[in-house]
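Reading through the structure tokens given below for one structure.
Just so it is clear, A, B, C and D label the chains in written order, and each chain counts residues from 1 on its own.
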């Protein structure tokens, strides 16, 4: 016996290979399909629309498959009503909870469509009611924050997602359409990132940076400081390493002893490193170290003096850590989430761990660029279903230098 | 004006390039030196001994340089007495604290040499007295665990470190000395790792594994289960990912959808992943899931049923996490440290983050092998001054398969 | 003004993303399109068929675009007749020559469809007539072998290509469909390669190996020798390095001094290397060295004693080279081409240069697997439009060891 | 029984780890040693000197070991007289031929010390006499160019090599000594390369570039053209690919369709590529294409119009190739060798194959910098005993852009 459901998807289905992926998903989940109707966009700019009957062995399999397909923007033709179940335990979702995407999502509860305010992947959807018991709000919540008694959306019914339409500027990142053939690709890339940041600022949005210690090792700290001062760094997500290396460099004025030829910095066993940590711990916080005149330069100093925000989240390999570092990673994720509203552009530089962590919680609607000299880091991000992610494999030091030249009029003039 | 101190180092100074590194360190710390005496080992097996006068601009610089040189096994000719200062704040070491190495260390306090029981890099040395006020014990402590009032060793005086002598079996990892030319290098490597594990077990020591999700992705879980059952995995350090992928694979019996061609697994956006986490969270722990018959196979199941130990420490990119995961990384480090006594061999497989974390806290006396398909991970470990670290760049799946064939007589016979 | 042509394509257009690539190509060539009709396969196994009008600015642009689209299996609805022009210069094709794909190709000349016997990418198509002047044969020819007076097919008319249908065994390489979830992915891969070779042999076809010096460095020479003896290596394409390292290892019985930890062998500056070359040069050929009892073991020895074929083609970084090496690369390509008839399976191991060279001349109908520890090599092959290429990122030494265990019953029993 | 020889080496033996490597070599060649005397440089700048007795099983082993040690700059205390044997076959050296290093070398024949004019690795040394039969000249010759009747130096006697003293500017490439801590490492590197080129030009020497197609793919062609025009490119060594991509880009004005995100260009199956080759082949040469107005821009155009030299050497994966390409690799090596006199600086960019080929034939006295985004390429070069090689792992496009800004006053002003 088998169960079936009609689903639909529209957009530039063939241009971007979306339909291929949808059909692959169905097979991967051991399902089957019939394409009932396919209205193909005749001309280049016309959208296509497909109606597909999805078939699975039983209802649980079908529900899972439908949830999976929603990550591609596939919705049920007749969405029906969302089902709701009550969480019985803190930190645990009901068995058939709807697992979220990072796409714009609406949920129909008791006849009303509610917009999910904070799309985030791999969360549960929590229903909140007003005093009269009327459904008032649906929001994403990671399973660790679920509390017994909360109402949770279950199954795939009553839910619609919307895949963001790639706009002109996003298209530009495709690099194939570039009309000016004599242009230098690398210069084009730098300019596109600069344009993305400027546009976000013009719309009153924040620019989020996610950085690893490579920013300091490649000598890009002065470039980043210039961009902080010029207003292009509103929030920084990082770990203990970026901040410590930056502070160590400021406190001890040392050449960091980087072996550039092999692309690796001397992270450990470096006595300055551990002494820098102790110095800031003594002050109580990075801000205190700045205000007490102990820390007088570098990236962290400029973030403090220009009142930018930063969230440092620790990892198991940390020394110290700095007093500002969240040692509880779940607390750290919460602190990062709290900074996401109003972010309009995100640049990830030289860090796999914090880039993936940020990609996990960022809505698909935020333009996202990942820069690293290691192709694996760039690929990893792009793999994660963040359709908005663009990767640039290049030297972080030279890239940030060029970006500062592009964004900060006086950079390197003095 | 300048200050100076006589130091000495002995061993196979030239064979292993140690002296080059010592002199490089001196220059890097802006110091100078005179080689006062150099007794060279005439024949291949004779040790050499060097007496060097180290010169620095001022005493703080000299003390730092001396501490740095101790990481290479260089001691003061006249070690003198250790200085002691009292910690004034929780989590902060006194200004001139001695920053530790992972080498065997002795400290002379008030005329008595005390052995440091738990060598670990980048810690402070805490002095404990007995009831009569006599120095009784010196131990390493990470700065975050320091409490006000503790007595802390400062400066470089009164301290001697000993570099482990590479024994025959360690030499074998050099691969150059292999006498049987027709041997297959890869087979030799597998056998050497197997020998290292067997030797540790014969000495009544524990074998520590540090693993990443690649163990599951490359299909090596059955091989690892066989080695757990055969008694070659006493402790596992890992993150949320290895355990979750392993459990997901057992619960859902799914092909994991690995794109082996490009060496990457589908970590995220995979609905099974998040559902596996929720299932175990509902049970309360991995052990409970095993005991309740929910989890019936895989690596974590075999660790539980064979009463092996594991420490899972989280990271900022985790979903869930599993209820057994330490979400506070400092707590996680403490939990890892607690398992180190009696470890006699350490194998690190397919994880950069947890391998570096383990390398940070492991004494230099424990043989250590790091296996990864990514040369950068292997290099990173070897860089960290763990003179005992050996790296093997190979396919994790095939390597563990071969290791199981070597260690477990019946493996692949059934 | 613009020109247009009706084209068609059929197959599993959406499953494999082919249509996306076709439309991308059109845009990349500054063309436009209208999808006139799209008959979608309703059920999973039904093929789809698309009729597309392709639009370009002028006829030369259109012809180029049509040739480009043929690399995807797109043919003109009304193919018409092939145009023919005469080459005016040795080594130069007429201006609008048809640039070939590696797909099965038929050409209609003067009313007759002729099958191209030896499909190869990026060649010209030469028309041969019988004594009566009737078109008798069309074959691919690289531009360097063109002679003045030859008749060459021009433009995109009169040509049909056929994309190979991925059969079940090829599908298996997709790795996603594997039904046996408890299987070890790496073991599955080894078995699939073994199956591919066995199938080729059963069909009376030859197995072609393309190898780099890593085969010797990783200790896989004994495994390869066993497979030569067992009949699974009919032809070897390689460079000077594989053969020289293999011979050096046999002549001098030396440990090769491989630094396995960092995955690199000592290629140069190694006095044995240059002396091995001189020894074989003195003999006049590898075969002579074998027959004179100078060379008594290794891969090259087993190829000679078992009468297998090999083609060694040199490169600019070669020492020596061995007397059997083609120092002229165009001659080398010709020698390689001469061995292609009847090849039914191709395994490429540990070489970028010779793998790409072989991929250039191999018909798309030959199953092709590329094994390397470096993902870049594997990706490069897969990029080159060889739709039949499968890549495996793994350790070459362990992989060949496992392959020998799979293919050779007595291997490792002795 | 065993044989022994006294050897000596002097210099900064410990600082640079040379002595470690010498002793490793002795063990690797199954020899033994006694250090008879070791005069250690007391202060930082003093050289050290070691007298070592080297022991081997028999004379051939000893001779080989002594030749090996000469690659490290180790000479016999009593060099004695060189032995000479006559080559009996074309292309074959006598059995105990001396295998050369790329170091400055002198040979004592019949009482006279002769300087080797063209040091090159892995060659034979040929003795030339004047009309009176007096030894007049000793020069390196690759074994393929040896002719029967030539007199060849054999064994290790009568030969002295000199390791170049790293001068201040070379030291600077060490990157550790940099005094200005706030400097950006990447900017420092660019400036050092620029300084090396300027210095070579001031000394009337030539600057040699070795380049791969990545120069074009990363958009660095305009930067390189500017440096050609400014006189900083005297000779270019490359393959068919760099020249063809550059020409294709000029002829067709196309965006090259580079997938920068993944760092790979579309090399093949690209119809423009094969058509560009045909166009130049029709002209007969790149120069003819420039003179006939067919080729009007790009790197190759600027080399021709500014009368710079280039040597293109083919490989087995080439299409076409361009008419200027040496298809015989041994001929190609000869053509490259002919351009080496007066080269005073060498920059290798984005090519493994041609970089290794150039490293093989370049004297150790020529400063050499290798730039690539792939650490493996950089490491490979540095491994090959070219003590003068410096590697920079960075983005080729941004690096050349910055180098042009540094070297060409008006670059990017227009």
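Please note the rule applied: a residue touches a chain if its C-beta (ideal position, glycine included) is under 8 Å from a C-beta of that chain, and two chains touch if they have at least 3 such contacts.
Computed from a prediction, not measured in an experiment: that's the story for all the values here.
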Comparing centres built from CA atoms, which chain ends up most distant from subunit D?
A
A-B versus A-C: which has more C-beta pairs touching?
A-B
So, what's the distance in Å between the C-alpha centres of subunit C and subunit A?
40
Centroid spacing, where centroids are CA-atom means, of subunit A and subunit D in whole angstrom
45
Using mean CA coordinates as chain centres, what's the gap between subunit A and subunit B in Å?
32
Listed in rising order, subunit C residues that touch 2 or more other chains are 28, 176, 257, 262, 375-376, 379
Looking at the complex, which residues from subunit B come into contact with subunit D?
14-17, 19-20, 23-24, 27-28, 32-36, 38, 40-44, 176-177, 375-376
Residue ranges of subunit A touching subunit B (in the complex, touch as defined)
28, 64, 67-68, 71, 89, 91-93, 95, 97, 99, 101, 121-122, 142-144, 239, 257, 262, 264, 266-269, 271, 273-275, 277-278, 281-282, 313-321, 323, 327-333, 336, 353-354, 356-357, 360, 374, 376, 379-380, 383-385
Subunit C residues touching subunit B in their complex are 175-176, 178-179, 181-189, 217-220, 222-223, 249, 253-255, 257-263, 373, 375, 378-379, 382, 390-395, 397-399, 401-402
